[in-house]
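Both of the next two complexes hold subunit A, though its partner changes from subunit B to subunit C.
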Partner chain A sequence: MSEELSHSIINAGTAPGAQPVFDLAKFWQEQLSLADNFDSDFKNHPLPLARIKKVMKTDQDVKMISAEAPILFAKGCEIFISELTRRAWIHAEENKRRTLQRSDIATAISKTDMCDFLIDIVPREEVCEFIS
Partner chain B sequence: MSDNERTGPAADDELSLPKATVQKLISEMMPGDIVCAKDTRDLLIDCCVEFIHLIASEANEICEKETKKTIAGEHVISALQTLGFEDYVEEVDEVYKEHKKQQKDRDKRSTRLENSGISEEELLRQQELLFEKSRLKFEAQNQ
Partner chain C sequence: MSTSIDDNELPKANVTRILKHALPASTALQKDAKLAISKASTVFINYLSATANDIAKSANHKTITAPDVFKALEVLELEDFVPKLQEAFTGTKMNANYHISYKAALY
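Moving on, here comes the complex of A and B:
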């Protein structure tokens, strides 16, 4: 934001006799248009980077992590949660339910190849529930 | 990045992600009338934590193979690719590119100020204008 502000000041009109005039109206105009175009992070709900870093470090082999790595992980996790949620929803719909149950997640996992790593996370009975 | 040790999870095995944040992510994916049970959300969080372990471990291996000491963005992206999450790569790479761009702008801005050639008096004057603007805004709010 300070960049836009200094831009406003530098472009301020100059009254005859030297002192540049700070154009307040112009400044607010610019701020409003910035606010309109602002793709806020409010709807992205970034996951906390410090927490992600801590989770990464539970692996003893992981030593040094660059600054950008947790940021990429945050995005990856967002996509992961979104995708798993979506897939689980399909099963809730099939069963005409409006509430996502654990069994929906379990089913979604069992149907997603790259989610094999989760097979120990999900209690066995959740998956069996679906099969029976 | 500030870690508030007192309110965060203490032990490694209690480590998870904030429930409210994950809840919002879930709600955004669903139409309004769909609800996610709390224990379902907790299961999703556990899955996500496991996802981090998986990718981090792979990224670490990729990093070591390149005899580097720090896990970089490239390693994370390679890990996603290797483990079957190729679909994620495009979006994650965008975030990476945006981050790199912001870093560059940040570096440029700090040297730009030093090299701007603006005299100290002029900088002080500009600062005063900024303060005045803040004051006006504050007074306007209080009316």
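Moving on, here comes the complex of A and C:
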């Protein structure tokens, strides 16, 4: 059904022999193949872009943000979380535990040079104000 | 500072899901651990956007663009993130362009 329908839509209004501006048949073919190849699970949502933008704006210096930036940040955060978790997991395994604890994360942060900016966020001691 | 770290947290469910994917199955997660990672990612966003903002300023444009963010990652010695990010980014960008050109073709 789609072949005949799409052909009649394409050819309507165009002079004989003229190139159709928008190839509807091709579009539907591509959509079908995209749908067939779609393998990602629907539960894997990216982080909410509006929330990310709000966090970026807590810095008074930051005024305008392009649309692509929060998308990059979402993926970057995802990679960051995975990386930090894996490093922390190494410590948990070293102590023969199956539970990832805050101390593991704190150790991972202190051992990673690039995570210097997080040193005060996850203190190694018991008491931290932000939890209570 | 008008807002502190605690005011804007990423949704716990999303963060926990990413956490679980990075760990082997049947791992328990301490409650404090989830909170710590959540705070850490908020600070990560702040840190990266402050750096990207500085780069944008030094290049004389007011808007933080995608190249600014990539440059910021290199500055912060987070180059390991760059390949995966590039790949994910060109994926979404292609989808966005597809929608735009499809809509343009309708009119």
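Quick note on the criterion: the second predicted complex is superposed on the first by the 83 of 132 C-alpha atoms of A that agree within 3 Å, B and C clash if a C-alpha of one lies under 4 Å from a C-alpha of the other, contacts with A are read in each partner's own complex, and residues count from 1 in each chain.
As a convention for this text, a residue touches a chain if its C-beta (ideal position, glycine included) is under 8 Å from a C-beta of that chain, and two chains touch if they have at least 3 such contacts.
A quick note: this is a predicted structure, and the numbers were derived from the prediction, not measured.
For the composite obtained by superposing both complexes on subunit A, the positions of subunit B and subunit C are in clash. When the two complexes are overlaid on their common chain A, residue A:25 makes contact with neither subunit B nor subunit C.
In the superposed model, A:117 makes contact with both subunit B and subunit C.
Contacts of A:50 after superposition on the shared chain: subunit B is touched, whereas subunit C is not.
Residue contacts after overlaying the shared chain place A:63 against subunit B and subunit C alike.
Shared interface residues of subunit A, touching subunit B in one complex and subunit C in the other, are 22, 27, 43, 45, 47-48, 51-52, 54-56, 58-59, 61-66, 68-69, 71-73, 75-82, 84-86, 88-89, 98-102, 104-105, 109, 113-114, 117-118, 121-122. Within the complex formed with subunit A, the residues of subunit B that make contact are 1-3, 8, 12, 15-18, 21-22, 24-26, 28-30, 33-37, 39-40, 43-44, 46-57, 59-60, 69-73, 75-77, 80, 83-85, 88, 91-92, 95-96, 99-100, 109, 126, 129-130, 132-133, 136. For subunit C in complex with subunit A, the touching residues are 1-3, 5-8, 10-11, 14-15, 17-19, 21-24, 26-30, 32-33, 35-37, 39-50, 52-53, 62-66, 68-70, 73, 76-78, 80-81, 84-85, 88-89, 92-93, 102, 105-106. Residues of subunit A that touch subunit C in their complex: 21-22, 27, 43-45, 47-48, 51-52, 54-56, 58-66, 68-69, 71-73, 75-86, 88-89, 98-102, 104-106, 109, 113-114, 117-118, 121-122, 130-131. Within the complex, the subunit A residues that touch subunit B are 3, 5-6, 9, 22, 24, 27, 43, 45, 47-56, 58-59, 61-66, 68-69, 71-73, 75-82, 84-86, 88-89, 92, 98-102, 104-105, 109, 113-115, 117-118, 121-122.
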